[in-house]
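Labels A, B and C are assigned to the chains in the order they are written; within every chain, residues are numbered from 1.
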């Protein structure tokens, strides 16, 4: 089913776009510098603009920019906004309210007065932007005896490894930068680089608290990598491929029909995968360092834990990338268990642009994906803000002693169902 | 890793107030602890010697700012013992009402601080939301939300406002519904039980030896409540039940939590009874200016046993005032509670002990 | 509560019942440990509420408030200490609660408690030079710690 808005591929779309733009420019230059005029050398520029390697380079850069902006700017802001509004409503208060009506310059201030909208009664979306700007203008303090090279490298490591995830994480079957044959492996590997950065940050800060926080973070994140990967193996037994897009494609078939509602073949609806889902979700909550597993940066015990000594935008980087990892984690859960971006397409508009028919599915697969990710993320936030913190040795207890056996059970069941399923009447 | 001393505080989100807890940890286990207090020492006992007896009530309010009426009341009781002043019955009942309202507000503040200590940030906002209602009641009664300067030697400052009982009943009814929500938030959460049960145990003999009193002692299983043992004011006529942990081996954080939590309910029922039973009449007796003699009064503060020992020498100022703060003594017992637990339990234990630095440091 | 009076050993300066369930005794500092041991072991006063040091300008007094949960009685022991030799035995071996109280009395009043394992400043800063609660330490006087503004303006 081609229900994606970005089709067939982000790169192809960008290439088409940039070819169109360059062609317009090239034609304009060719028209403006006819043969025989004193500006004839400009024709060379026009030919250069249409060269294939130039177009490819530009297309890649635009594709990467789009993806990084989408994930790291727009999605990050949206996730932060959603979380803050949601948990503040849980706590019986309004939540963040700075929006464009709070901007102090015209036309918003004038508009706000006309519509009788005070500055702090908006939706709250711009609050996170304001927080980011606030962090930018703070002083970057480096502690005196800190290991300076490592201290500055750690946030870079965390941020870059998190952005690397989005090189292979698709938002629909076309909205992906690199469709590798083993993309799931790449995503999980990039996800696991961040604990290294956390450990480096904890050590390099020259602070007993940070050291303790870093060690705890390393222990916890390492302990929960294993059930994570084991649960993924259970999915792999069913899907048979490490390519993320193919895993989702396998979940798009119809499983059963309950009345008029068709139930798709999502992985979560099968028994071993359900166990795997429980394990994966718990392990993902620990990897995302959410309460109840946020001992590494538990603010009541170790001030901020491993990121105590960071100030200014460095703090903003590591703090904000917690949300990007949350996005990546929720996206992984949705892809592996909830059918990714598959969802019914109700109508497909087909306007024609410049001679070609451009199909626009309503609602496109990106929207389904985002809806599922947001929903799952809100479930995580809900759990996170309703329970107290688990102590570190209890966290490690749960990780090693309870989740790993469950994950192994899931693998066992999945393998046996795949091998014996057809013989037992299609049980899955 | 070798053992080393870690300073938790004085600037720390966990410590409610300004004190320092030095713990010696070996890996993650605590082997020794040593609190350092005195950051908030304001020299109360010295100041109180230059102010008249009544003027000291303003100061005693600020001893423990979260629970101010209980402290001023203890001081007024001590002075009344020196001056031989008898508080009229209505004054006694109004004092009981104010005390219990303040106790509920103080326990709610403790609850609001204990939740985020453990990671349950929702508890902060819910408990503070309820505390607002009780502070509104206190404002109706006394005119201020905190540091009310309400008890006077010989009675209270003003009478109950009209319709006070209606407001009390309304608030308490609403609060009782919310208490069941709190129970679901705190007690039903398995993680909460994991964090607080078995943590920070102190045996009954140790507790009495080190001078622990109040809900912390009741959590160890001993049925001691100064409102029952040495009743003052109108408490002999009030029916309530001291919350004692009867479940076997108590003395851990969970027992302390449960004792304090259930006291909220008991205080609500005391308020309801007191508001109904208050007789009419005068609410304040005239106290002499000068006093000679010595007297002490011990009351059941929100945190334990507060004792004021006042000596007067015939002048209109006290000669010596000694303040015995329950948190001061419990702080001495915290190394026992902390030894052997993990470092992550420090917050759980110290939060359940309910530290208020103002009264500890005088 | 009057039966407690007969059970006391000798060598008392003054002993009386102040109020119902409160017994007050004034003793000399030499007898402190015996009296308190007797009170704790024989009569069951298991709760040491408070240790106070009072400065009567010609002698010190160390006042102990003991409470018995079973009997519901408070015993207030005033131990008289001469002014120029402010030392008294410590009650830490009997009640651990005395530790902090005695440290505070030493800190603010200057009465030395022999036998307290850690007799150092608890409320005041560690290098504070005076004992402020004494009557000869006036209210507003030369402070050890003085704000910069007061230094500049030469205030009191």
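Everything that follows uses one rule, which is that contacts are C-beta pairs under 8 Å (C-beta built on N, C-alpha and C of every residue); 3 or more make two chains touch, one makes a residue touch a chain.
The model shown is predicted, which means the values in this text are computed figures rather than measured ones.
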Inset, instruction - Make each chain a node and each touching pair an edge, then name the shape: line, ring, star, complete, other. - result: line
Legend entry - Chain located farthest away, centre of subunit A as origin (C-alpha): C
Inset, instruction - From the Cα centroids, identify the chain that ends up most central relative to all protein Cα atoms. - result: B
Legend entry - Chain centre separation (subunit B, subunit C; CA means) in Å: 24
Inset, instruction - Return the distance between the CA-based centres of subunit A and subunit B, expressed in whole Å. - result: 48
Inset, instruction - Report the inter-chain centroid distance for subunit A and subunit C in whole angstrom, where each centroid is the mean of the CA atoms. - result: 66
Inset, instruction - Would you tell me which residues of subunit B are touching subunit A in their complex? - result: 4, 6, 12-14, 28, 115-122, 124-126, 129, 185, 189, 191-192, 194-195, 342-347
Legend entry - subunit B-facing residues of subunit C, complex: 19, 21, 46-50, 52, 54-55, 63, 65, 67, 69, 72, 74, 76, 95-97, 99-101, 104, 108, 121-125, 132-133, 137, 139
Legend entry - Residues of subunit B defined as touching subunit C within the complex: 37-38, 41, 43, 45-47, 50, 81, 208-211, 213, 222, 224, 229-230, 296, 298, 305, 307, 309, 311, 319-320, 322, 324, 328-329, 331-333, 361-362
Legend entry - Contacting residues of subunit A [partner subunit B, same complex]: 87, 90-93, 208-209, 212, 291-292, 294-295, 298-301, 303, 385-394
